[in-house]
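Paired with chain B in one complex and with chain C in the other, chain A is shared by the two complexes that follow.
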Partner chain A sequence: MTTMATAPAPGFESPGVEDFQLPPIFGPVTKPVLELVLAAIIVVVLFRLAVRKPQLVPGKMQFMGESFHGIVRNSIAKDMIGKAFLGYVPFLTALFAFILVNNLFGIIPFIQFPTFAHPGVPYALALVVWVVYTWVGIRHHGLGGYIRISTWPPDVPWWVRIILTPIEFLSNIILRPVTLSLRLFGNMFAGHLLLLLFILGGEYMLFTADSILLKILSPFAFLMGIVFTFFEAFIQVVQAYIFVMLTASYIGTVLADDH
Partner chain B sequence: MNTYLLAADEVNPLAPHPVEIIVGLIAFGLLLWVLAKTVFPQFEKIYAERTDKIEGGLKRAEEAQAEANRLKQEYQEQLDGLRAEAARIRDDARAEGQQIKAELRAEAESEAARIRARAEEQISAQRESAVRSLRGEIGGLSSQLAERIIGSELSDPARRAATVDSFLAELDGLGSRQVAPTAGAN
Partner chain C sequence: MNIVGNLNTLGYGLSAIGPGIGVGIVFAAFINGVARQPEARGQLQGIAFIGFALSEALAILGLVLAFALSA
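On to the complex of A and B.
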């Protein structure tokens, strides 16, 4: 038999956390580091193109820039923050654009790694958000007022407060940045892992596996990879949107006059 | 087993990469700074201009409407004034016409009265002269008539003169008193 002649194929090693450890390109610079720089450059260049020659009746680039800015300004900031929203629009728009481009790197050919599948920058951005909304809250209400609106919901019986106030303190003051960063990181990480699984799995089925059946079935794995690529595109946009939406919501709650 | 655990320790996916944090924060910071300085103010300026343009257009339209209403009212007032003026002029003309007619009538009437008076004067003067000439002629005619009637008696001049005088006296009385002739009573 022919199987005697060649060694049996090795079993399929499913992709894991090791696949996210990318080798340095030069010095300490890895692919995600380059992506962060590239994302910033792309965002700045696109927006600068949008306002190259601003007109009342916008051109194509200006229209896209205005639409992007308008979504954050009118559907996120205005709804979430209220009348003092205008000052936070630049921060929120920049945040949305930066996260969105970094996320979309996960499905852009030849880049194909969502920057925030590494948790460092999500931690940092969530910390920045925490500093911003804490500072805004303290500036607006004073330190005591800020802590009161964050931990002391009105019209609650005292025996509920025994449990509720520690929970509120934990969730509003400590856990918000944690969940904010882990939500983004987790989605990007899991999405990339899912794509790796289908693509590497299909590759294994087609090229490595001995079974003819697996070779025949391998296109379905690639097909699923493509389907999930579109799904990931959706997730990447949604996660960027949620990050900014929650940031605006946190700013809105610390600016609100009651809980 | 050991190597597996060790490997798992080495690649904790939750562990951040310091280089990424540093580069990410710098990249995001610069991005935010550039956009906030140069891009977003432009957008806000354009939004404001656009809003201003739309609201300004509406305001201008309202102003034009108000101006049109004002002009319309002004013209209406002018038109009403002109109508009243025309009516006044017409009334004046009518009154003037009436006055002229009355004046003309009065003038005509006085003229007629004058003409009539003069005619009466002339008539009375003619009558006077007719009476006067008749008075001369009547004497002769009457005496001729009487001569023929009585013949003989009148051959005596003294009697004739007396008869004529009495006859004339009677005629005078007739003429002045307008009484039917009663000469027969002689």
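On to the complex of A and C.
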């Protein structure tokens, strides 16, 4: 060992924000852009295949498509939106499928970058959601009515309103899309960073470090990397579910009538 | 002794305590509710995940700020 290691090994450089700044592949196109296009194609093709030959007794593809649609319709839209939920199910289903595919890119071999770990992407998605629920609210209540139900909760004394109305305005109209996108971004970012840390740490222990003890212990780092990959799969599904769930609940609150 | 690193990581660790407790309370209440009334599971699940998402948002904001403010 002493003959090999003439200079001491460099210290471990932990992964950070700079690992998420991927170089452009061609022109301004980077990996997340390609992944977004790929995800859109996958979602469209899978749903097209599912409804190609609709039958009374569904085949495999049709069964999968219908179960997916059924989950969104029964456990998300119906509970969260209320009576007029049926018109929003297609939007929510498409959103769920798109986010799910994009998130799962984070653990699919050779792609291995969750699109939403790049902060610009969830902001755009949350903007779409914001436009949708604002439009739904304005269409249902009119502009004044929409602002009233967002900022003017009934049966509140006037001196509470002085504080409450600005808070309600801020949280319902401005902060909702921000937290919606930051939640998705933060989870994907943190999860990808965690996997990077375990895999790069294991690689450093195995190949770069001087100590023989670290080389022996390096399989444990890779093992933890694998364990956390499964954990990430769970988190990615849950985050896609929560994004759609919150979207449905926002639509539900702007549709709600005063009692 | 010389410790190198960013104090933001400590700050993030501190800021994760509150949401951690919050998420624990949310799911404890969910489990309690399902144990008392198993047929209400479907309704409670949605509420539980919204509560989880709202309390977790604080931890995520802390994580993002820990990176954003690391000048």
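One rule holds for everything that comes next: the second predicted complex is superposed on the first by the 254 of 259 C-alpha atoms of A that agree within 3 Å, B and C clash if a C-alpha of one lies under 4 Å from a C-alpha of the other, contacts with A are read in each partner's own complex, and residues count from 1 in each chain.
We adopt the following convention: a contact is a pair of C-beta atoms (placed from the backbone, for glycine too) under 8 Å apart; a residue touches a chain by one contact, two chains touch by 3 or more.
As the structure is a prediction and not an experimental result, all values here were calculated from the model.
For chain A, the partner with contacts to more residues, out of chain B and chain C, is B.
After overlaying the two complexes on the shared chain, residue contacts for A:190 are found with chain C alone; chain B is out of touch.
Applying the stated contact rule after C-alpha superposition, one finds that A:18 touches chain B and leaves chain C untouched. Touch criterion met: A:179 reaches chain C, while chain B stays clear of it.
By the document's definition of touching, neither partner reaches A:167: not chain B, not chain C. In the superposed model, A:242 makes contact with chain C only, not with chain B. Of the two partner chains placed by superposition, only chain C is touched by A:76; chain B is not.
Across the superposed pair, chain B and chain C both touch chain A at residues 17, 185, 189.
Taken together, the chain C residues at the contact with chain A in this complex read 42-43, 45-46, 49-50, 52-53, 56-57, 60-61, 63-64, 67.
If you check the complex, the residues on chain A that touch chain C are 16-17, 75-76, 79-80, 179, 182-183, 185-187, 189-190, 238, 241-242, 245-246, 249. Those residues of chain B lying in contact with chain A across their complex are 7-8, 11-21, 23-25, 27-28, 30-32, 34-36, 38-40, 42-46, 49-50, 53.
Of all the residues in chain A, the ones that touch chain B in their complex are 17-18, 20-21, 28-30, 32-33, 36-37, 39-40, 43-44, 47-48, 50-51, 54-56, 58, 65-66, 69, 86, 89-91, 93-95, 97-98, 115, 118-121, 123-125, 128, 185, 189.
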